[in-house]
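The structure appears below as C-alpha cells.
Chains here go by letter, A, B, C, D and E, matching the order in which they are written, and residues are numbered from 1 within each.
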Amino acid sequence: MTEKNMNPANNSAADGVAPLSKVQQKVAVSLNRRHRHEKLFKGVGLVASLISLLLVAILFINIFSKGLPAFWQSAITLEIYFDPEIIKISDKPVQRADETDNAFRQRDIEWQSEVGMINFNRLIVEGLNKVLPDANQYRRDVQRIVTSGERFAMRQLVIDNPAIIGQTKTLNLLTDANIDVWLKGNIDRSLPDAQQQLSPKVREWVEMLSEQGIIKNRFSFALFMNADSRSSLASAGLAGAFMGSLYMMLVVLFLAVPMGVAAAIYLEEFAPKNKITDLVEVNINNLAAVPSIVFGLLGAAVFIGWFNLPISAPIVGGLVLSLMTLPTVIIATRSTLKAIPPSIRQAALGLGASKMQATFHHVLPLAIPGILTGAILGVAQALGEAAPLLLIGMKSFVAQVPSGPFEQATALPVQIFLWQGNELRNFFEARTSAAIIVLLALMLTLNGLAIWLRKKYENRW
Amino acid sequence: MSNLSLIVLLLALMAIGYQLGMVRSRRVATINPQQRMHSRPHHYGMMVGLWAIIPAFFLLILWTMLAPNVISSMVAAQLPAEVLAQEGMTANVIMRRISNLAGNFGIVAEAEPWELAAAAYMQQLKSSSAALLTGLMAAIAATGLFFSYKKIQPQLRARHQIERTIKAVLIICSTVAILTTIGIVLSMVGETMKFFSFIPPSEFFFGTTWNPRFSTTGVGEGSLTGSQGSFGLIPLLSGTMMVAGVALIVAIPLGLMVAIYLAEYAPAGFRSTAKPIIEVLAGIPTIVYGFFALVTVGPFLADFGASIGLTIRATSALTAGVVMGIMIIPFISSLSDDIITQVPKALRDASLGLGATKSETIRKVVLPAALPGIVGAVLLAASRAIGETMIVVLAAGNSPTLTANPFEAVSTITVTIVNQLTGDNDFASPQSLVAFALGLTLFVITLLLNVVALVVVRKYREQYE
Amino acid sequence: MTVNQTNSSDKIKMTARDVKVFYGANQAIHGVNMDIIENEVIAFIGPSGCGKSTFLRCLNRMNDTIDICRVTGSIKMDGRDIYDPSLDVVQLRAQVGMVFQKPNPFPKSIYENIAYGPRLHGLASRKSELDDVVESSLRRAGLWNEVKDRLDQPGTGLSGGQQQRLCIARSIAVSPDVILMDEPCSALDPIATSIIEELIDELKQNFTIVIVTHNMQQAARVSDRTAFFHLGDLIEIGATNEVFTNPQHKRTEDYITGRYG
Amino acid sequence: NRDTVQVAGSSTVLPFSSVAAEEFGNNFAQFRTPVVGSGGSSGGLRQFCQGVGINTIDIANSSRAIRPAEVEACKANGVNQIIEVKIGYDGIVFASRVDAGDFKLKPEHVFLAQAAQVPQNGKMVANPYTNWNQIDKSLPSQSILLAIPGSNHGTREVYEEKVILDGCQTFAEVKALPKGDQNNFCLAMRTDGRVVEIAGDYTETLARLQAQKDAIGVFGLSFYEANRDRIKVATVNDVVPTVDNIIAGVYPVSRPLFFYVKGEHIGVIPGLQQFAEYFVSEAASGFGSPLEAAGLIPLDDTERAQILANIKAKKGL
Amino acid sequence: MTVNQTNSSDKIKMTARDVKVFYGANQAIHGVNMDIIENEVIAFIGPSGCGKSTFLRCLNRMNDTIDICRVTGSIKMDGRDIYDPSLDVVQLRAQVGMVFQKPNPFPKSIYENIAYGPRLHGLASRKSELDDVVESSLRRAGLWNEVKDRLDQPGTGLSGGQQQRLCIARSIAVSPDVILMDEPCSALDPIATSIIEELIDELKQNFTIVIVTHNMQQAARVSDRTAFFHLGDLIEIGATNEVFTNPQHKRTEDYITGRYG
C-alpha cells in the first residue's frame, strides 16, 4: 500500500490527506463531470418549475389585470318615488281557502301581468329629472343612462312588496354598459362622435354626475346575483352559469371519481391479466383522446334520447362530463396503483385479508394522493370544457338561475364563450376575464379539499 | 310515493337488515360455539341489508323504466279511434298533452273533453301504479331480508357474498368505459356510412386536399353544380400529429422535470404550494389559451423567428403546439410526481449507497421503476393534446394544407369536427357528415397508437420487489 | 423421495404430494412429498435458492400472488385440498399465518400493524381487548419494551430486527393454526432469537409451526423434525436429532457439517 | 316536464334570439324565459329534426333557409310541421383596423386578392398580387391579408356568392371557361397564408386584426356597429353598409335570418306559439325595437304580416 | 466510553468523535467515539435496535436520506471531516460502499444490477471489461453458478439469500475503500456464509471492512476488532479475541454469553 501513499495526485483531494486507490481515482476523475450533470439536472428541474410557475403567473396577471376592474361597475344613485299615479294596480291576490293551487296561480299570474304593463321606466326618468336639469329636452338620451334591466328589478320590488307604492327609495341603479366603458376609460375619449357609442349629451351628463358623485364605481353584486342578460348588458351576471357549473361539477365529483377509482381498482387489482383486459386498458386510454365534442354526441343520444333526461340540464351536462373525465381518473388511479410495492399486498394477504380487504385497507389509502391528483385534473378539465355542452343544449343563453340540477342552466365556460363573443368588446373583454376568475376560483375551491387531503396522505417510504 | 322517498325507505330497510343480521350472527355464534363463523358479524349484517335492498332496487329501476310506457299504451288504447285519425298529429304529442293535463301543468290552449277523460284515466293509472310498486317493493324487500336472515349459519360465506357484490359493482364501473366506447362508435357509425355514400373512402383516406366548401355554394341560382369540395384526410391528420407532437415536445420535458424537481429536490413547502399552482394550468379554459396564443405567443414567436432569420407564421402549428404544451404540463408533472414519490426508498438508497449522484439515481433507478405510471401520464397528456380544439382553432391558423413545416399554419381533425358539426352547413350534406367520419377515424388512429404504447410499455416495465 | 417419516399415531395436519412449482419456465420445486404433523415444529433447511421459501409459500397459497408462478400436485390440510377452487383462500391464510423472509411492515403505526389482523377477523370486540392483544403479541415477540412508548409511530421506522419481530408479532396476533416462518430470526441478536425460540416452543403447544432457517443450531434447538431441501428436491426428512446425528444422505451430511459447496 | 321553450342553432341568430327570449320572459309573467342554445344552423336543425317530444328542441335558429334534404330527414323522424319564420336581415361588411388604410372595395378586388389563379391577358396565372394597390391603384398600399369566414359558416356562402363569384364573373376569361369549371376556378383560394379562414366568431376575426395590422376581416354589421372605435368599414361598390342601404337593397352583401318552429310542439310546450309571435311582432323586431337596437335589420311590414299569419295558421313547409 | 483501543502503529482510516444521532426527538446514538483502522475488519455487535445500523449509516452519510434523522459530532475519514459541507458525498459513498440490511436489488436484470455501479463511475470502458467485472463480482459473492444462465432476468426474482449476495456483489463491483456490511449473511446458509466470510478475508487485504452481525461466531471468525453497542452507546471496543474472551464490561459479557435480557 506504499504506492498508494506515494501517489497523492488528485485534485479533489488536494489537501493531500486522502490518497486514493486506482479505482477511486477513476471515480474522482469522473466526478467533476457528474457533478456538473447533477447541477445541470437540478438546475433544469428548478428552471422547469419556475417556468411553469411563471407561465401560471403570466396567465394570471393577464386574466386578473383585465378582469378585476369588471368586479366594480358604475351605478347611479337616484331617489325613486314609487308614484301611485304611475303604478295603478289592483291588490296582490291572496290564496282563498276554497281555491285550488292552480286557480290561485292563474290569478297570481294575471296580477303579475298587470304589474308588467306598468311603465317603470317613467319612475327612473322622474328620478333622473331631479338630478339632470335639462333632461326634458333630451328624452332619448335620458333613456340611455340607466341600463334597461333595472326597470324589471323595480317591478320585482313592487311584486315582492306592493306596500312600497307611494314611498320614495334611494336606489343604486346600474348605468348602461357603455357608460361604464366610458367612465373606465376603456374607450378612447378623443375619438370623433361617429366612433363613440355614447351621444355627446350623455357623455356630458355622465361627466357631470360622476363629478357630483351620483354616478360611482361600486362593487358589482349584480355580477354574482344575476343570470346572463342580453338586452340589458350591464346587468348580465354569472349566477346562472355558476350554479350550472357547480351542479355539474358535483355530479362529476360524485360520479366520475368513485366510478373511475372503482374501475381502476378492478382493472389493476382484480381483473385477470389477459387480452381482454389489455383491450380494456387500451380502450380507456383511447377514450381519453376522444375529442370532447364527441361525448356531447353520445350524451345527446343516450341521456336525452334514451333516458329522457331534460335538455339543457346540468344533470345531463354532469353525466356527459363524467364520462369524459372518467378516463382521466382511471388512468391516474391505475398509474398510482401500479407504483405501490407488492410487498404491502402480500403482507395483508398473509394475515388472512381477502384481496378486497387488502386493496381497500392498504393499497387504496396509499394510492389516495394519485387518485386525488386525477380528480383535480379531471375536475379542472371538466369545469373548463364547453364543446360537449353544445350538443346537449347547455351551450345556451339562459336568463334564469337554476334551482336544481334538473333545471335549464348554462355553465361558466359557456358564459365565457358567450361573453367573449359579444359585440360590445369594450364592456365584455373585462367581463370575460372576470368570469374566468370566478371559474378559477370555483375550480380551486372544489379542488381545495382534494389538495388538502392529498397533502395529508402523501407519504414516502 | 316518489322514487326519492322510496330510496330513502330502502336505505332505512338496509340499516334495519344490517342490525338484524349482526344480532342474529352473534346469536348463532353463541349457539354453536364449537363452530367458527365464516365471516364477521358486520358481514352478515351487510349481507342481510343488501338482500333487503338489491332485489327491490332492481324492481324499482325496472318499474320506472317500464311503467310509463305501459301506462301510456293503456291510455292510448282508451283514446277514441277517430281522434288519432282526425287530428293528424303524432301519438307522441297527444300523449304529451294528456300527461301534461294529468300532471296539472302548463296547458295553455283549452283541453278537449276526450283529453280530459284520458288525463283523468292516466292519473288514476299512475297512482295505482305507484301504490302497486310500493307494495311489491315492500314484499320483495321483506322476503329478501327474511330469507337471508334465516340463512345465517356459521358456514354461510357472507363476506364472499359481499365481496362478490362489490366486485360486481367494480366490474360494472369498468364496463362503463367500454359502454362509452361502444356508444361513441355506434353514435358515429351510421352517419359515417352516410358520408361514405357521398364520398368514396379512398378519396377520404388518401386525399391530400381538404376543402369541403360550403355545402350549398354552387347550388344556388345562377351557379353550377358538381363542385362538392374535396375531403382529404391527410392534411388534417398531419396537422393533428404536428400540433400534438409540438405540444408533447414542450410538455414532456418540462412536465417531467417539474415532477422530478418537485418530488426529489424541492423543499416540502415549495412542493406543496407549487404543485396545486401548476395544476391551475390544466383548469384555465382553453379559450383563454387560444387568445393567449393568438395575441401574445404567436406574435412573439413570429418576432423571435424574424430576429434569427426564420419565417414563423404568427398562427402556426408551433404556436398552437407550444400553448397546448403549456396546458398539458400538469397532466405530466402532477401525476408523475405522485408516481415518483411512490417508488420505495430502498431503491434510492441502493443507488445512493453505490455512490450515484441524486440525478443518476433518478434517471437510472427511479424513473425506470416509475415508467409504467409515467407513460400513463404521458398518454393522458397526449390524448388531451390530440383531443383539444379551442387552442388550435385560434392559434394554428386553421389552414388545412399539407405541410411538414411546423412554422406554417395547419388545422387538426378535432377542430374540423367541431367546425363541420356546428357550422351552418346542411346537416344531411357530406360537409357536415364528414365530422362523424373524422371522429371515427381519429378514434381508430388513437386506438392503434395506444396499442403500440401498451406493447412498448410492457417491454420496458420494471416491477420492483 | 422420502415420505412419511411419521408415526401412525401422529395426527397429520398437512400433506403435500408431488408438489412442483414453476416460475415461468424454470422449475423451482421438483415433486415434493411431505407430511406435517399437528403441533410439531418442522424446520426446512438447505442451501440458499434451493426452494425452501417457495415450498413454504405453497402451504398458504401465497404463490398465487406471483403472476408467473404455477403450482401442481396436491396439498391438503386437515384432509382438505387447499388448492381446491371451492376452498376459501382467505380463510386458509387466516389459518396458516406467515412471516415473510423480508420484513414487510405496513406503512402505518406500530399499533395498527399489529391490530390489523385481529380487527380483520373480529378477534377483539372492544378497544381495550385490542390493546391487550397488541400488547401481548408484542411482548411475546420480545418487542414490547422497545416500542411501548412509540406505538403510534410508523412501523417502517423500526430497525431491521425490530421490523422482523413486528412481523412475527403481527402474525401471531391472529392466532393461526399453522404458522409459517421464513427465517424469522435472521436479523435478530442471540437474545432476541432466544425469545423467539421460546415463543415457538410455547406456540407449539397449540399450533403447528414450519420454520425455514439457515441456522443449524437453531433447527436443532427448536424443531421436532427437519426437512433438507436441495436444488428443488426434498432430500431428507426426519426427526431432527436423527437428521443431524445420523443423516441418511450424503448431501445432507455434507450440508450439515458444512463440507458441501 | 318541460315548461320552457328550447331554442338552438345559428350563432348569428343567437344574439337576436336571446334578446327576444329575454324580452319575452320579462313581458309574459306566465311563461318562463326561453333557453337559447347555439351550435350552428346545422347543429340546431340536426337537433330540431331528431323527432318530436320534450327531449327535443322546439325552435331551430338558422342563418340560411332549411334545405330539402334536411326537411326529408325531419320528416323521417316524425317532424312534419316545420314552420319557417324569417326574422330579418343581417348585413355583412368588410372592415379593417381604424389605423389602417381606407378601402373602397369592389367584388373583383376581393376576388383578385383571394384567388389561387387570376386571369391576366387572356391567360390564367398564379396569383401575383401581394399588395392591394397592385390590384387597383385606388386601393391603399397595404399588403394583402384577408380573414374570411370558414367554410362552416353561413356567412361564407353569402360571401362567395355575392362577392367572389360576382367579382370573378366580371372577367371575360372566366366567362370563356366551360360553365362547369367556372365555379371551381372562381372559388379556388391561394394557399400562401394571405387568406385565413376564421372558423370561430367575429371576436376571433377582431383578435386577428389586433394581431396583424394589415388584415381585412369580414364582420356582421351589428358587430361592427358596436366596435366602431376599433374597426372601420370598407364600402362595397361605393355603397356604405348601413341599415337603410341594406333594406333598400343597394348594399350587396346581406342575407335573411330564420327560425323554424316545430308545429307539433305548439300547444304542448307552454309559450311556444306566443314566443314565435312575439319574436316577429313589431314591438320586438320592428323599427326602434330592442332587436333592431341589437343590430337586426327589420322586415318590411307586408312581409311581417305574412309571417305572423303563417305562425297563427301553423303553416308548415 | 472506550476510545482508542488501537495501537499507535496502525493507520487510522476513520474516526468518530461524540457522534449523536436523533430520529426526530428520539436519540438513537448517544455520543459514540470510535477509530476504524485501515485494512481491518471491525464487527459491530449488540442487541437489536441498539443503533448499529444507524451508526453504520453515519459512516457514509446514508442517514442524510432520512428526513427526520439528524447527526451531530464529527466523523473523519483519512483526516477529512465527512460531514464537512464542502465534501463530496457522492465520492464519499463511492469510497465507502454499503450493503444494506434488507436486500434491495434494483428492479432490473441481474447483470444490470451489478453493472450499475461500474458504469456509473466509468470503471469499465468496454462491454467485455464490464462483463468481466460482473462475472468476477458474482463469483466472489458465490452467486455466479446459480445465476450465470439467467443474467438477464430480474434481480427481484431471486431468492432471499440470492438477493443478499447480489447486493454484496453489487457493492464490491465498484471497489470501495471501505465496505459497510449490515448483516450480510443473515439470509445465507452456512456454505454461502463461509464464501462471504472468505470474501471478507480477501477484501481485507486492500480494503477496510465494517460488518454488523448478530452471529457471535461470525464476528469471532472474521473480525480483527469488535465493537459492542447497547441502547445507543458504544460500550466496548477492542481486539476481537479480547472482547470475546475477556470482556471489560459486565453488559458485554452478559450479551456474549447470552445471559442478557
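One rule holds for everything that comes next: contacts are C-beta pairs under 8 Å (C-beta built on N, C-alpha and C of every residue); 3 or more make two chains touch, one makes a residue touch a chain.
Just so it is clear, the model here is predicted, and its values are computed rather than measured.
The chains in contact with chain C as well as with chain E are A, B. A centroid comparison over C-alpha atoms places E as the chain most distant from chain B. Relative to the whole-protein C-alpha centroid, the nearest chain centroid is that of B. For chain C, the chain with the farthest CA centroid is D. In this structure, the chain pairs B-E and B-C differ in their number of contacting C-beta pairs, and the larger number is found at B-E.
With centres defined as mean CA coordinates, chain C is found 48 Å away from chain B.
Centres computed as Cα averages put chain A at a distance of 58 Å from chain E.
Computed from the mean C-alpha positions, the centre of chain A lies at a distance of 31 Å from the centre of chain D. The centroid of the Cα atoms in chain A and the matching centroid in chain B are 20 Å apart. Residues of chain C found to touch two or more other chains are 90-91, 102, 121.
For chain A, residues that reach two or more other chains under the stated contact definition are 27, 34-35, 38, 342-343, 354, 366, 390, 420, 461.
The set of chain B residues touching two or more other chains comprises 159, 291, 345, 355, 357, 360, 369, 418, 421-422, 463-465.
Pairwise, the chains that touch each other are A-B, A-C, A-D, A-E, B-C, B-D, B-E, C-E. Chain E contributes residues 60, 62, 65, 90-95, 97-98, 100, 102, 104-108, 116-117, 120-121, 154, 156, 167, 170-171, 174, 176 to its touches with chain B in the complex.
By the touch criterion stated above, chain B contacts chain D in their complex at residues 89-90, 92-93, 96-97, 99-100, 103, 105-109, 211-218, 220, 223-224, 226-227, 229, 291, 294-295, 298-299, 313-315, 393-394, 397-399, 401, 408-409, 415, 418-429, 431-432. Looking at the complex, you find that chain C touches chain E at residues 23, 26, 45-49, 53-54, 101-103, 146, 150, 157-162, 165, 182-183, 186-195, 214, 216, 255, 258, 260-261. Only residues 273, 342-355, 357, 361-362, 366, 459, 461 of chain A touch chain C when the two sit together in their complex.
The touching residues of chain A, when paired with chain B in their complex, are 27, 34-35, 37-38, 41-42, 44-49, 51-53, 55-56, 59-60, 62-63, 102, 258-260, 262-263, 265-267, 270-271, 278, 280-295, 297-298, 301-302, 323, 326-328, 330-332, 334-336, 338-343, 354, 356, 366, 369-370, 373-374, 376-377, 379-381, 383-384, 386-387, 390, 412-413, 416-417, 420, 436, 439-440, 443-444, 447, 451, 455, 458, 460-461.
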